[in-house]
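To start, I am sharing the structure in question, which I have written as structure tokens.
As written, the chain order gives the labels A, B, C, D and E, with residue 1 at the start of each chain.
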């Protein structure tokens, strides 16, 4: 008991220390222009995505293979609002500075994804369970991609949408917003899991029939988790657009945006709060290192790493080294 | 037939059995009784290889079972009807019975075994083409036992076979245990229905929180005041 | 019985799976604060009946009324919130949760209460079944009998008017059976809950229940006091058999 | 740097486009080696000739990964200027990153209709324009005798940014030259069955096809046309038809097929033939692209010399509105948007070789007979 | 766009060629179905295995002069062994674990690994085989169609038939189904669950080998061409009903028909969207697949 309490406190302490350290990184001389800085920024994006996947799959027990579609929806929403000529014209022309991480645009990116998740989640989740749901979401991802390719001028077709990059001058705000969103997502999920909603989510994961017999609206809980996961993915997509300035179907609807966060979560520890973040740090570091050290065949190394991690760390880092998970 | 010496089993760090030894003579019915959580299921699972013991040894007809996989142990003639029945719910009743006779030794006698099983459980014959998962609780238990007899085992392990059975079927089941016994099958029986179990058993062991508390012939234990007090409390 | 006292009423309920009629033309009425035993051979349709009442299945014919209101086709979670709670034949606890969290699910969602209020209800329910000492144990690590008790506590925590128990004594030894009997009596007496109780431990049913309903092959074949039931030839033939000893 | 000039390039070393990436890498390496052989680049600010070092980062054949590759080149490798990778969408992604970090990104192989609207300051592009490029087949048709002129031409393209862009250009050109397409249909990338499309073409009595697609898709289409006994006298391919693999996968069936290209070793320009010979010696086949990549490096080197530094603004001044002479693609004249046009090439496959038809063809076009008469 | 009803000969042509093309998805789906049905694993590396087999066929053809269809005699046994080894080496441990994500990710890792190893060994360019019968046509029902695709169809039919017989009729086949459902119970029957999983994997990979022959003789391919096969095979799998092996082949053929009709009547740009739309609709409204009979009592 005592040991457990200490363990918990120690974990929280380490987490706070790491966040503080990350927040202070920009103060180091030369840090902002270093590769490590953009490396960390990418880690944040993947950690947010992983966190979103963990919400629906780790805590909710519904394996979604369609989170890349929500990422893409968030990314496109941001890019279209910001550079297109829809609604009230180009946001960028109207407000030349606030388009970066404009909270309204970002939340809209998340909302569009969440609404899509509700529209697709209601029929899917009321009909499909387990593997069938996983397959369904995979199909959904492909459909969204094809729809965007065929979306005409509105989506920029197969070419996509470009936002003006000329005003970029430093990665600092990206870094800070990314860090803030990563920490914020983790805190939000922690709060959520301690609320009555978290109770219902775990109950549904453990036994749907018993959950419904105890008064839980199973479909609503599942759809809400799916939509929450999509919201997080949409925000991550929005953040990515602010960095990349060009969204196209092949880049933001790439399966990587689903597979890598999934893998990071499993490596870190499915159904744990810090696992997805830890997994994102470790795995992205491995991939990036491989890319720099052995550029000609780094995917081979990445593939091997995934296999080895799954063979030898199937429970995830958090559970293998961090004692029992929260 | 079966010798268990000084068995110790744990789930992770949590011990479940401490130094349990039992002995089963060929052709007898041996009952293991005890409260919930006493470790009865744990003992049976360890014998059939589903759990690995921390310490101790198990011999079947003199052959050590240590380190053997469950399927190998099954091949040596142990049939285990597990607590949760372990039916193949998506497969038909008939297919379940066929798989009961999976081992090469008994495949040839499949037809006779099937008739024998149907004779014991006519309900199963009616349901032969139905998915096992759609049977009622009691029907499923019947199927599980019938399936175990298909392999013509030398040692039949039953974990709470009367669980969820109606009184008539319970009676039939104990009669069946008697029949199998008279055919020379050795039976290791775990039961909550202590009265019935001790009545059919030649010998019985009482487990208490993972340790052997008592042993004796069925009649001895039935008469024991301790046992009566502890496990057969009359309803008020 | 007065109609307004009737809590649950099944009217000519039928359930078919494909061509197989599992329940046929069942009429059952459960009054307030009754403790009714439901017995019958394996496959008679007892669990199916429960699944119909809690809306996990929908009847192919007939109506189900609760407090006079037609609840046929209502979603399972609403049934619970209306005041019908149940346990399962194969225990279904939330395995990764602690005992207390399990009960909280019933208290918060079934009881429809606020979290603070629900906490008190959950503690009470835990106390009622005598599991207070196991409050923070994960149910994956609990024994079968404790999980059965826990299921009852979880159901009770949702403050039901009607509780459906599906073989709560299966797999329990006599001592534990006695404990279970006590719990069931307390639930009925202290909480004023009506209970419909499926069980094969006939002696327990006969001792405790005021009324017993017998199903056989999907038909209701008897409905009466325990005394009437044990003497009913049909029931003896179909189910009880001649007294063993 | 003061002692050397570091030039970075994202290249598809892995992933589906790794094959093309290998060719591109070879071309850049040749160009840098040749520059260094000549003593390097004269840089005014250093006051001497500086050697060039080429560093490469893998873009994994993915638009999304180009950004990471460039972050790596700019921040870890500290490159002074950049050369492009080789597909349109990836180069757009790359140009945007370069714009962010104010490093000059010298591009070839991207379509101006994708790049020009971005109005980027720190990248320049030379390539053929699908506008004039798309006119090539019509120019060729105009010179054909009346009985060989297509009556029912068809346009079939893959469903990709380039495919769509090109499709649009073809449609515009057809209008200009007075042709209408009897069939105008895209196919999904990686489609395995083209029988429905072929049935459609057959039903429309098509006698000429303009095809834009990857090598694998184009080969599958052609094979299936043969299987179904459908052939057209004039079949002109873009992107998928010029590689050696195309010829290998079709064998003699590749004869008569016309293909695009943006370079030819038979160009009269300085160094073209020599580069072509080197390529043939190394890879045992000819190429219709490596010259463009080689020229890309030539342009950047000349621009650095002109600008006297690798500063992005200085390079912008040195390239926009300027002319570059004697590259292996000839003279390049960049306009005020930073775009320079190179001619589009049309060749006809004949016994495994590209025979130049347009421009200035020394080879006369042969219409394809039916499959069983070849 | 106009919806002219085409003449019957064109319809026949569309249908025949669509069906033959779809059988390719079918072969891929049958192997996937077996692995999915027994291990509940979405084996995303199946497409990569098919391409690996195609490269192997090519090496046998150009290296040793072995005819691609004849090389089935080598590919199938090798596939069986490789499948067995892959299971024992990579999936044995994961199959016992409850977390299904782990085996999914191992499959993803394997896919990355194989794709990129192929790139390293054979380069990323398109590869192909040219034989005497490449691109030759034959007449079926008065309709001209591809010889190699017809052969692929036969391979698909034979492979599926054998697998179905194995699962339905043999005791080992039933054991494969049993172990996939309840591993612990299966062991108590004397069934070695790992052995039956390995059998399922071996057959699955052998079928990928057969599909590889069909692919190599028909299409040019590159190391990354397999993924689309995996996706299409998944669609075919769902159309046919998950775990329904014969249905997987039928699902593949149906998918081929859908694609052909969409390409002809609407536009090639929509084939994928419509195919995936049908896939979703089937999952939702008929999750047991289009070809499974509703359960009837004896």
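Everything that follows uses one rule, which is that contacts are C-beta pairs under 8 Å (C-beta built on N, C-alpha and C of every residue); 3 or more make two chains touch, one makes a residue touch a chain.
For clarity, every value in this text was computed on a predicted model and none was experimentally measured.
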Would you mind checking the shortest number of contact hops between subunit A and subunit B? 2
Out of every possible chain pairing, name the one holding the most C-beta contact pairs. D-E
Farthest CA centroid from subunit E: chain C
Need the CA-centroid distance for the pair subunit B / subunit D, whole Å please. 75
Round to the nearest whole Å and give the separation of the Cα centres of subunit C and subunit E. 49
Could you put a whole-Å number on the gap between the CA centroids of subunit A and subunit E? 32
Which subunit E residues reach two or more other chains? 116, 119, 269, 272, 295, 297
Expected list for subunit C, residues touching two or more other chains, is 17
For subunit D, which residues are shared contacts with two or more other chains? 14-15, 159
Using the touch rule from the top, collect the residues of subunit A that touch subunit C in their complex. 195-196, 199-200, 202-203, 205-207, 209-218
The answer for subunit A against subunit E in the complex is residues 57, 63, 123-124, 127-128, 131-132, 134-136, 138-140, 142-143, 146-147, 149-150, 259, 262-263, 266, 270, 296-297, 299-300, 302-307, 310-311, 314
Subunit E residues touching subunit B - in the complex, by the definition given at the top: 171, 174-175, 177-178, 181-182, 184-193, 295, 297-298
Hey, which residues of subunit D end up touching subunit A in the complex? 13-15, 56-58, 60, 62-64, 67-68, 71-72, 75-76, 89, 92-93, 96-97, 99-100, 114, 117-121, 159-161, 163-165
Taking the complex as given, what residues does subunit C use to touch subunit A? 54, 56, 75-77, 80-81, 85-86, 88, 92-97, 101, 104-106, 108-112, 115, 154-155, 158
